[in-house]
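Before any comments, here is the structure.
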Amino acid sequence: MTQHVSPPRGSADKVPSVSESSAWRGMFARADVRTLSLLGVLAVLVLIGGITKPDEFLDTRNLQLVLTQASVIGVVTVGMTFVITSGGIDLSVGAIVALASVWATTVATQEYGFAGILFTAVIVGVGCGLVNGLLIAYGAMVPFIATLAMLASARGLALQITDGSTQVVTVNSVLDLGERDAYVLGIPPLVLVFAVVTIIGWLVLNRTTFGRRTVAVGGNAEAARLAGIDVRRQRLYLYLLSGLCCGIAAFLLIILSGSGQNTNGNLYELDAIAAAIIGGTLLSGGRGTITGSVLGVLIFTTITNIFALNNLQSDVQQIAKGAIIVAAVLVQRRTASTT
Amino acid sequence: MAPEPPLLSMSGITKSFPGVRALDGVDLDVQAGEVHCLLGQNGAGKSTLIKVLAGAHQPDTGRLRWRGEEVALRSPIAAMRLGIATIYQELDLVEHLSVAENVHLGHEPTTAGFVVRGKAARQSTAALLRRLGHPEIDPARLVGELPAAQQQIVSMARALSHDVRLIVMDEPSAALDPDEVDNLFRIVGDLTAEGVAVVYISHRLEEIRRIGDRVTVLKDGRAVAVGLPAKSTPTREVVALMTGRNVEYVFPERPTAPAQGEEPLLEVQGLTRQGEFEPLDLVIHPGEIVGLAGLVGSGRSEILETVYGARKPTAGHVSVNGRPLKPGSVRAAVRAGIGLAPEERKAQALLMLESVTRNVSVSSMSRFSRAGWIDRRAELGAARAATRELSLRPDNPSVPIRTLSGGNQQKAVLARWLLRGCRVLLLDEPTRGVDVGARAELYAVVRRLADEGLAVLLVSSEVPEVLGLADRVLVLREGRVVHRAPARELDEHRVLDLVMEGSPAT
Amino acid sequence: MPQHTNRFTSRRGLLFGTAAVGAGALLAGCTSNDSGDDEPAANDQPAASDSPGKPVTIGFAGPQADHGWLNAINDNAKNRAKKYSDVTLEITEGSNDTAQQIGQIETLINKKVDVLVVLPADGKALTQVGLRAMRAGIPVVNLDRIFNTPQAYRCWIGGDNYGMGLNAGHYIGQKLKGKSNAKVIELAGLDNLELTKQRTKGFDDALKNYPNVRKVARQAAEFTVESGQAKMAQLLQAQSSFDALWNHDDDQGVGALRAIDQAGREDFLMVGGAGALSAFQAIKQDNGVLKATVLYPPTMAASAIDLARALGQSKGIGGLAEFEIPASLTLYSAVVDKTNVDQYMSTGFK
């Protein structure tokens, strides 16, 4: 019935043989097609902007404007990309931005000046992220519910702090960063922060063990656990990271608008999720791309810019935004499946 | 035979998925009024074939004829319209809807096109259930409240609620007890008497003898025998066709001198999980392979997962190299050098969207990183070395793991633990979903790892595998070890007796 | 499956813990917004009749005060009621949830308050409960957002959105008189609200009187600082030169002014809307583009309390020949500029 022979070493299974170099090219090409299709969408938009409003659109001031407007939601989206890649969701980002921005602009906080505002915004963001993370990782709550609860509470707390009024910033060192000719290293400060967050985010996701664990948890949480990854601690860190990004974004928003208001960050959660998804991050987790997310944000901001320059009204803008989300996802799926 | 064309004939059907050719030119013909049995091992292509029949998969090439006319089944609805109904193994019922709603799902009797006539639906459902010999099932009850066997009946009633000419049944008897199987066969007999054709899939040869007319055998995506007489073809011949060989398994040689005298590597003392398994003592030395034999539900996988820390024991502890592990902690087990190749490879071990490299390196990332920064060159090099050592094909760790065959995916899991430098390997059904041909190679790899000083704990429901590969065997029954012996002193019949017997005393 | 949690026993953990506690203590002190000069609005207008009369219990139900104007509405109502020794105010927790607001109003009806003042979250949706109160013999003062039918209120008092646009348009038209080919842009509020459409309509109608003035662009923000900044920045990029800007709302105006400042533009005249304190202050200082704002006065809540008290005591309004309170009162959207800003300063909301 059974028989013992010496082991046959190295006999091959039947598998389509793929040479190493072509596989490399294959994976590279797949990633690239996705990015290229987004760049294509962006190029078409630039073309439309350039044709309809050549003087106003193709202007370095306008480029600066688009990038500056993109930076707040962009930083939020980088954090969101990590969370979605891990198979989670963070619905509380907009509310956290609101809470951090009002907490950091109260009369009491402003007495501590620049450092006080920055510190408060970041710590409030991280604190909310910590609560989210603890509830999800160690309280075994579903991310959707836990962050929905945070959304409600953070907005409520923000309203309680402001009493509905707008808190104007009087700290000049903060306001100066949002001025027309404020440059750091030749770049507007907000854009610089956005760029740095993007680069760090890309490196962390693609080049570090943290990024690998994020992808592993999102791709197959049970497999990650059985492979010896501390899945819960990873989840905690991910929501902390998202909170940190919200804190940074809140600080940028304070610089940009010169104020804190409890209505800040309205619907950021949807904008960030939409940007990440059209960027190519899987909503089910296991695959995430910072490059794609940032391109997604830039696409949305450019559309808004072109529409405003052409004096189109909000109804048209909203319709077009929806259409572009669908188109971008369809184009991507088509191009991704043909390779 | 009448000159009338067969009810259904399929010819030259092929279907490929990334990395697998699931169907490779399959022919099948089914006559009205017959029970046509489909046989084959796991992965032979049976499920793909029935999904093609149900319109759920589109074949890459090949033709389908229905009553002599060429047709294309572009969707499950198209198949249903022709009169093809499929009862899947994993039942596809909506638990929160009632029996009648399930039966009429998608074709509810309506007034004015949209108002569902609930009473009419319940009445026709009751009639169908009577016909199926189960008038006691209330059409108004929620399906989720019914036992599995009755759910099966509901599924069948749903198939019959259409004007059905051909029914595909995928292992319908798996969840049934003998009485219910008899009822099922009566229903099959009634249906065929009415001229309905049945394509019947089962692993149980005796069932096929009882109700089958003809048999088609699938192996590796091909039909190796089409339309054999079900009652008269010898079992031996059918098995030979399914496995493609007369000797079923090839095992590596055991070392001449079993590892003795050395310090035990893995020690399990009094390990218990209430309701799953009773206190277990077990010692494995370096170089030893110990097998756990038992049926599904005997507690074998639970024991493995508890040793690994994925389940928390109610009592007892596990030591590696004499050091006790923190109970219920996977990370402690991994740190101590234990690795697990779990039963459900895709669900529990693999990151399907990732490359082989990343699947292999996932448990040893800290080795290729400084301050969290991954040295990808070192990672790739190490993954390549580990996969080469196990002769993983293709010899390129950058390919996505989902393109690999089952055997090579399993090797990637082993490579993961090899790279981690693990000393104790827990293997849960290591050859599930692995081709028969690739199994021998996997056995050789496991033996070689043991020869290199690893301690291996093996769980398998295939008794020959345990007997052939392990040095010592523990036989489990209902969470209890009923027998321990060196593998040489056991044979398959003895183990099967122990496993199935009412009491271990005999 | 249970798995051990990471306890804060490491040094790193302790440090982090200490920092967290420290940060928490510091932050908790930072929620204060008390700047010491918080003077309630609408304190110095004369009250209707200061001689105490029959005691009146007024029930007040409004939406959630999630921005400055609504907050000012609540403050105005409360402060006004405090001024009358014969008025007891039963104020509900503000809510934007229609069902919840209905419940609150029904509670007030059951408590048998003498008069109701209702600023509905949604006028149409709350009409039924207004009718119920009237049938129960409780007169309703409908504040600003109007019910579907006059049967649901005894008296309506509210602002004039069309008039706001009209007055803003006339003010700008007058200022640009004699300037040929003058360009005007409009920064509107939330576009899916009826009131935004009315304001725009009034503005457009007024501009028709000035053939030399043309509206060249309009974008809608969302009444928030953030959206005001974003939309204004885009408008400024789109229009390299223009002569006047009308911004519907002073809250979003904070953002708009920030964007104007950031773009370094000062070659135009800006008119705001609503009447926020920050806008009044800027108008008074007169060192920026903001020269005027058109009122949508939150003092209407104070007036609503006056009306409710008068209804409860069966009196008319002083200065009018009528015996009865009018059925509706539309407030005038006055233009506040440098010449009259001091008069309005105390009504400005934050």
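For reference, chains read A, B and C in written order, and residue numbers begin at 1 within each chain.
One rule holds for everything that comes next: a residue touches a chain if its C-beta (ideal position, glycine included) is under 8 Å from a C-beta of that chain, and two chains touch if they have at least 3 such contacts.
These numbers were taken from a predicted model, which means no experiment stands behind them.
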Innermost chain by mean C-alpha position: A
Farthest-lying chain, centroid of Cα atoms versus that of chain C: B
Chain centre separation (chain A, chain B; CA means) in Å: 40
Distance between chain centroids, defined by C-alpha means - chain B, chain C (Å): 67
Rounded Å distance between chain A and chain C, as computed from the means of their C-alpha atoms: 34
Per-residue overlap in chain A, given as positions that touch at least 2 other chains: 225, 230
Two or more partner chains touched - positions in chain C: 3
For chain B, residues that touch 2 or more chains besides their own: 310, 330-331
Of chain A, residues touching chain C in the complex: 53, 55-56, 59, 61-62, 65, 68-69, 103-104, 106-109, 112, 116, 119-120, 123-124, 127, 138, 159, 161-168, 178-181, 225, 230, 232-233, 253, 256-259, 261-266, 304-305, 308-311, 313-315
Interface residues, chain B side, partner chain A - complex: 19, 247-254, 308, 310, 330-331, 333-335, 340, 342, 347-355, 358, 362-363, 365-366, 369, 372-374, 376, 391, 393-394, 396, 398-400, 403-405, 407-408, 416, 420, 435, 437-438, 440-441, 443-445, 447-448, 464, 467-468, 491-492
Chain A to chain B touching residues, read off their complex: 1-20, 23-24, 27, 207-210, 212-213, 215-216, 219-220, 222-230, 282, 286-287
Chain A-facing residues of chain C, complex: 3, 5-6, 20, 23-24, 27, 29-35, 64-68, 70-71, 191-192, 216-220, 222-231, 233-235, 237-238, 240, 251, 254-255, 258, 261-264, 276, 278, 349-350
